[in-house]
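Next come two complexes built around chain A: one with chain B, the other with chain C.
What follows is the complex of A and B.
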C-alpha cells in the first residue's frame, strides 16, 4: 500500500456514491449536481495519477461547461421535473446492461492488467507534440466531425421551427418567429414555465 | 513535515489575506464610488470609515438565517459555499513574489506553481458558476431562477473569450505556468505590449466572469430584484458577496501577473509591485461601475459571440504567425 492509496480510495468512493446518486435522485437538478460531483472525482483520480492536463480538461470541459448546460436545461423543468416511478422493465434492462459492462471489464482485466506506459509524463508539451506530430490527421479530422455535429444540431432545430410561409424572406421569418413567441399562446406558455420552475412548485 | 507545515500555513495566510483584502475592497469601492458620485461615503465608523467592513461583517454574522419555504433544503445551503470555494481556489496559482529563504527553508510565495496553472485558473473559475445557478434554482423564486440562468449563459459565453485571450500569452511565453510567465516577462517586456488585443479581451471577459458592472445582468436590480441571491440573507448572502469580491481580487492579480509582469519590476521587485498593479485594476472595476450603464441581454450575447470571439481567434492566428516568422 503506497501513499496514493488513501486519496484514490476516497475519490473512488465518492465517485461511486455520486454515480449512484445520479441514478437514484428523483429531482433532475439533484441528479445533475451528483453528476458534477462524479465528474470532479474523476478529475481527482486523473490528478492523483499525475495526468494534470487530462484532469483539468475534465474539470474545464465536463464539469465547467457540459454539466452547466445540463443544469441550465433541467432547472427550467416544470415542478422541478420530478420523475414518476420508473417502470420495472427499464430497471431490469439497466441492471442487465450494467452487469454485462462489469463482466466485460472484469474479463478485460483478467486477460492482462494494463501496464503503465514507458514514459508516463502526460505533460502539456508531450500531448502537444503528439497532437501536432503523429496524430495531426485524426486531430484535424475531429474539427470536421465537430462542424458536422453543429450543422446537424442546427438542422434538427430548424425542423422544429414554425413554417414562416413559402414566400417570406429569412428576415421576415425571424420577425415572424419573434412575433410568435410574443403572442398569446407563446406568452402563456412562457408564463407557465416560470410559474412552475424552481424546486418546490 | 516542515514542508507540509509551510504549505498549510502559507495557504491559511493567503486565505486570511484574501478575506481581509475583500473586506477592504468593499470599503475602497464605497469610498471611491462616493467620490465619483460627489458624495462622501462611509466615514463614521473608525478613522475614514476604516472599521466599516468590520461593522458590516458583525451585522451579517448576527442576522437571522431565513430559508424560504419554497427552497430546496439540500442545495440551498450548499450553493454559496460552492461559489466561495471556487473563488478562493482560483487564487492558489497566483505567484505573489520570488522564492524567499528563511531559516534554511525555501518558501515560494505562491500556494502552488502548477505547470498547467492557466488551465487551473480557467477550471476554477468555471466551477464558480455552479454556486450561482444552483443558488438561483434552489431558492424557489422566479427572480432567482432567472438570475441563475442568466449567470449560466453569460459565464459559459465569456469563459470562451477568457480562454482565447490567454492562448496568445501562452504562445508568446511558451508556458502555462504563471511563475514562468512572470519570468518570461522579466526577460523581455510586460505582455500588455505584445498582446494588447489579448489584454483588452481578457479584461472584458474577466469583468463579465465576475458579474460586475456593466455585465452584472445576473443580479440586475431593475429587473430581477437581486437575481440569484434574492432569497439569501445573513451569512449565506455574505458568502456570495465575498466570492464576488475575492473573484475581483483574483482577476486583478491574474491580469497584473499575466500582462503587467506580476511581482517583477525593473527595481525593487517583490510582492508590493503586485499589490500596486492590483490596485490599478481594482480601481478600474469601481470606475467602470460608476461610469457604464448595464448592457442589455442581447447586446451581451452579441458582444461575446459576434465581436469578441472572432477578434480572439484573429488575435491567436496573428500571434502564432508572428511567433513562427520571428522564430
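What follows is the complex of A and C.
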C-alpha cells in the first residue's frame, strides 16, 4: 500500500480539511457541502485500501442518500438554519475535550506502525460469505433496525399533524368556532376529547 | 511514516474533530453531521484493520455501520424537524422541559 502514499496523503488531507469545515461552518448548507467532500474522500481511501464494495456503499449511501437528506432538511429550516453565536466558553471546552480525546487515541495507537500485506483478501464473494456466515445476526438485525427507523420517523412526523378526520367532524359539531384549535400543535388530544363529547351535545 | 499509520492518524483526528463538533454546536443538524464524521472515522479503522489482518470481516462490519448511519440520520433529522416545527428555533438548548 506504500506505493500509493501520495494519493492516500492527499485524500487524508482533504478529508481532514473538509471535516474542519463541517464543524466550523455557520451556514448548514456549507457544512453539508463539506460533508459531501469528506465522504467522497473517505470513499477514495476505501478504494485505495482495496475495499471496493465499502467504497461503493459509501458513495451510494453517504454521498447519495444521507447528504441529500441533510440538504432537504436544511432547505426546510427557518432562516436556512443559521445558529446563534456559540459562547466562547463552549468553544474552549469543546476544543479541550477534542484534544484530550486525540491525545488518548494517539497514546493508544502509538504502540507501533502496522503494515498491510501486499496481496489483500477481499472481494464481494468473501464479504458475502462473512455477512451470511459469522455476521448473520447483526446483518439480519439491520433489517429490523431500518424498519423501526422508518416507522419511528413517520410516527414522529404524524404525531404533530392534526388529524384530518378529527378536524372535519369537530368542525361539523361545533360550527367552526373551535376548529381553529386543531391548527395549534398539541391540539389533537383536545380535539379528540371534543369529538367524543360532540355527539352528546 | 507509512500509509497505514497515516490512515490511523487521520481516523483518530476525525474522531476528535467529530466529538469537538458535537460538543460545540447548538444546531441539531450540525451535531448530526459531526456524528457522521465520527462514524466515518470508525469505518476507516474497520476497513484498515480488515486490510492489515487479511480478513474481510472488518469490511462487512463497515457495511453494517453504513446502514446504521442511514437509520440514525433518518431518526435524527425527523427529531430535528419536529423540534423546529414545535418552537421555531435552531437551538438544542431550547428543548429543556425535562430539566429537573
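Observations
Going forward, the second predicted complex is superposed on the first by the 139 of 201 C-alpha atoms of A that agree within 3 Å, B and C clash if a C-alpha of one lies under 4 Å from a C-alpha of the other, contacts with A are read in each partner's own complex, and residues count from 1 in each chain.
Keep this in mind: contacts are C-beta pairs under 8 Å (C-beta built on N, C-alpha and C of every residue); 3 or more make two chains touch, one makes a residue touch a chain.
Predicted model, so just to flag it, every value in this text is computed and none were measured.
If you count the residues of chain A touched by chain B and by chain C, you find the higher number for C. When the two complexes are overlaid on their common chain A, residue A:130 makes contact with chain C while staying clear of chain B. Legend: residue contacts after superposition of the two complexes on their common chain; A:98 is shown touching chain C, with no touch to chain B. When the shared chain is aligned, chain B comes close enough to touch A:75, but chain C does not.
Within the superposed three-chain model, A:63 lies in touch with chain B and out of touch with chain C [touch as defined at top].
By the document's definition of touching, of the two partners only chain C reaches A:35; chain B does not.
In the superposed pair of complexes, A:54 makes contact with chain C only, with no contact to chain B. Using the contact criterion defined above for the overlaid structures, shared-chain residue A:44 touches neither chain B nor chain C, since it reaches no partner. Under the contact criterion defined above, the residues of chain A that touch both chain B in one complex and chain C in the other are 53, 57, 65, 69, 76, 123. Listing the residues of chain A that touch chain B in their complex gives 27, 29-30, 33, 36, 52-53, 56-57, 59-60, 63-65, 68-69, 71-72, 75-76, 80, 123-124, 194-195, 197-201. Only residues 1-10, 12-21, 23-27, 29-30, 32-34, 36-37, 40, 43-44, 47-48, 50-52, 54-57, 59-64, 66-75, 77-82, 84-86, 88, 90-91 of chain C touch chain A when the two sit together in their complex.
Across the complex, chain A is touched by residues 69-72, 74-75, 114-116, 119-120, 122-123, 126-127, 129-130, 133-134, 136-142, 144-146, 148-149, 152-153, 155-156, 159, 176 of chain B.
The part of chain A that touches chain C in the complex is made up of residues 1-2, 4-5, 8-9, 12, 15-16, 19-20, 22-23, 25, 28, 31-32, 35, 38-39, 42, 45-46, 49-51, 53-54, 57-58, 61-62, 65-66, 69-70, 73-74, 76-79, 81-84, 86, 90-91, 93-95, 97-99, 101-102, 105-106, 109, 113-117, 120-123, 126-127, 129-131, 134-135, 138-139, 142, 145-146, 148-150, 152-153, 156-157, 159-160, 185.
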